[in-house]
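What follows is a structure written as structure tokens; I'll ask about it next.
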Amino acid sequence: MLSDITLGQFFPRKSLMHRADPRLKICLTVFSIVLIFVAGNFWALAFSALYIGLGMVLSKIPLKMYLKSLKPILFLVAFTAVLNVFYGTGEPLWQWGFLKVTRNGLLNCAFVSIRIIVLILASSVLTFTTSPTQLTDALERLLRPLSKLRVPVHEFAMIMTIALRFVPLLLEETEKIMSAQKARGADMESGGLIQRIKALIPVLIPLFVSAFRRAYDLATAMESRCYHGGEGRTKMKVLRFCSHDYLIIGSAVLALGVFIALNLIFPPAIAG
Amino acid sequence: MAFIDIKDVCFSYDLEAGVKKDVLHHVSLQVERGEFVALLGHNGCGKSTLSKLFNGMLTAGSGQVLIDGLDAGLEENQLEVRRRVGLVLQNPDNQLVAGIVEEDVAFGPENLGVPPEEIRQRVDAALKAVDMYHYREHAPHKLSGGQKQRVAIAGIIAMETSCIVLDEPTAMLDPRGREEVMETITRLNKEKGITIVLITHYMDEAVRAGRVVVMDDGRILMDGAPREVFGQVERLKRHDLDVPQATELCYRLQAAGVNLPAIPLSVEECVGMFREMLGGRADERMDS
Amino acid sequence: MSEWILETKNLTYQYSAGTPFEKTAVEDVSIRIGKGEFIGVIGHTGSGKSTLIQLLNGLLRPTRGQVLLNGRDIWQEPKKIRAVRFQVGMVFQYPEYQLFEETVLKDLMFGPKNMGLSDEEAAARAREAAAFTGLRPELLEKSPFELSGGEKRRAAIAGVIAMDPEVLILDEPTAGLDPRGRDVLLAQITQYHKKRGNTVLLVSHSMEDIGRTAGRLLVMDHSRAAMLAPTKEVFAKGEELEKMGLRVPQITKIVQELRALGCPVDPSTLTVDDALKQLIPYFKQKLPGKEAGPHAV
């Protein structure tokens, strides 16, 4: 069913990673992604993988879920891996026509694949342990300085909140309308591309009409609950740094030191 | 002074340029603090328009709407009026803003700039008052219709509103959901003294109010205690309004010459009355 | 009844079958519905009635068991399932949300045209259907979005009737309507049933509505068909229904209580008129002394 699709893949648990301040988690994730990109050799990459792995363990979410999150990008990993295997330089280990596999190519292939996988895992740790509302909330706070530049940060955050609330609803509604039109003999499964697009009109028009009606209702409800923009608004859940957040920062600084050292000590893995 | 004081209000919509549709004709209505008023009438009789005048979502064409002494028509009173009168809409899906129950309930107080610790207290208290505390961390779209409506009500109580206007809150619910919502608003009215204005088509819901106002074609047709209003079976039927079956039965029995002590408004009342009338055997039944 | 138009055999449906989220919505339902019957379907939310009706017109495919239409398994040739949907018309809850065409007439023609009818035939069907639901002819040229709530509802129902289905299934057609709209719509559905002689399945939470329209009732409880019997028989079992979270019409409840008090009234009385016929003579005879002369009310 369409409505089974969830946005973000939040798994509510009680873990250190869940309790960590979402702003900190966002910053750390961005930071890790940058580091993974600048990791020059296997040692540094392995270390960042280890660090992300620690986060995964601390999140108390089964490894199976993380592996599942890799599924959609397996194709991408395979694709880049194949490219890298054949584009290596140096002595070929194996050759067939113009295709050759070199030691250097194999290394590159492994390096790039691991890099992509660790990247995805890093962002999974963030989305698995942080609820969508916490994410929007944290983003709003992190981006708040931009509102001085007249960027409507609060409005963007509100739009995201509402989207997160209404997307499952609209998906459900799409399903209902499709059933209703199918009951009137609408054929959505056969025909060429143009026919299929045409067949969507009886679904899309009611969907838009309904979305506008909902928007109108929601606006009424929000206004009658005294919504008047971001000005003077408070928040029930105030984001506050706690002792464990400082612990995480400490560990991150330490890890950064080790990472830089590893990056400097060992020679780069990829030539060029 | 009445909490809601509507004086000679007219209202019309612009259909097209120059064409107007009158919705309310010189309506006057007073609602006292702590009252439970049911507003009945057909679709298009003007009751939804009236409900939106109560909290300044619409402004009267002429006449005056005073809420707790504040003119609801004035822009500068808007926030104060909405803080006093909350609105619950028909569609339970369309009025919840946040993706988590407790965050939705917090929406109103957040808009009012209430300090965080106090919001937390208010949200918890409001959720307990509608018996939804247990669901505070759930996503609204996983709740039943009745539960969603109770969350919407909690969102209003959390603003410490003294009056809730509900515009057909049970129309889209199943019988269980309807009962949940009715039980909740009846309790809020009794225990917390919250003024309730309930717009509904269901007579069995209206019977639970302290006062029933019937509207037809933009005017107030009847206004009184449920017993007074529903006693006028003929008049209600003439306007195609529903009468509870118990009431209709007894009214027509009486009309046929059977002398009944009263006209009941519910099945329970009706059965109780018959039990007393038919005497002796009733006691046996009560023991069993 | 000579012929069964719809029949289910051990019909079972599971959502997300084969996953950890598997949930049985309809379990082992075997029912038979005769040609021209008016069946009321009751059951509280989550009892499986919505899933069942979607199985009946092939919108869902059974996990196990069969749906027979005129004795033929509707999934015998999955490619022809659309034809089944024309024969078993389905009006969903709040059907007005499916309107989409520029004019009401075009919208009513959507179903018939999907059946492969010509424009003229489709338009004729549409006009006929509109008449059944009491849509004034001048409304047919308007945009469906200009209609009032009640008119939209009737247009949407007409859109299904226009396909002239042998079986018409309506899922809570009166939900959200005011008493006037509800009564008119119910009368039109009854009329349609009488005139066309087609089979009608009406799903409703209102026992009063069901009581005055349906000939037989299908009671769904915990995914199973708990009862399928004449309306009077079902409502005579008030206590059993209450255990399933259902109730009997108010008037039936009153006569049943009266009966317990010793009044010889039919416990399956379904309408106020029926109740009055029995109760006026009874009370007049029972309480003659108290009568205060003819009432001029």
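Residue numbering begins at 1 within each chain, and the chains themselves are lettered A, B and C in the order written.
As a working rule, a contact is a pair of C-beta atoms (placed from the backbone, for glycine too) under 8 Å apart; a residue touches a chain by one contact, two chains touch by 3 or more.
Predicted, not measured: the structure shown is a model, and the values here were computed from it.
Novice: Write down the chain pair with more C-beta contact pairs when A-B is set against A-C.
Specialist: A-B is joined by more C-beta pairs in contact.
Novice: Which chain's C-alpha centroid is most distant from that of chain C?
Specialist: With centres defined by C-alpha atoms, farthest from chain C sits A.
Novice: Centroid of chain B to centroid of chain C, CA atoms only: how many Å?
Specialist: One centre to the other, that is 29 Å.
Novice: Quick one: report the Å distance separating chain A from chain B, using the average Cα coordinate of each chain.
Specialist: About 44 Å, centre to centre.
Novice: For chain A and chain C, let me know how many angstrom lie between their CA-based centres, rounded off.
Specialist: 47
Novice: Can you name the residues of chain C that touch chain A in the complex?
Specialist: 15-16, 54, 57, 59, 82, 85-86, 89-90, 92, 95, 97-100, 110-111, 114-115, 145, 159-160, 163
Novice: Which stretch or stretches of chain C touch chain B in the complex?
Specialist: 44-45, 148-150, 175-181, 183, 205, 208, 245, 247, 249-251, 253-254, 257-258, 260-263, 272, 275-276, 279-280, 283-284, 286-287, 290-295, 297
Novice: Mind listing the chain A positions that touch chain C in their complex?
Specialist: Contacts found on chain A: 1, 4, 173, 176-177, 179-187, 201-202, 205-206, 209-210.
Novice: Within the complex, which stretch of chain B touches chain A?
Specialist: Going by the criterion above, the answer is residues 52, 55, 57, 79, 82-83, 86-87, 89, 91, 93-100, 102-103, 106-116, 119-120, 123, 137, 139-141, 152, 155-156, 159.
Novice: Going by the contact rule set out above, which residues of chain B touch chain C in the complex?
Specialist: Result: residues 42-44, 90, 144, 168, 171-172, 174-177, 201, 240-242, 244-246, 248-249, 252-259, 267, 270-271, 274-275, 277-278, 281-282, 285 of chain B touch chain C.
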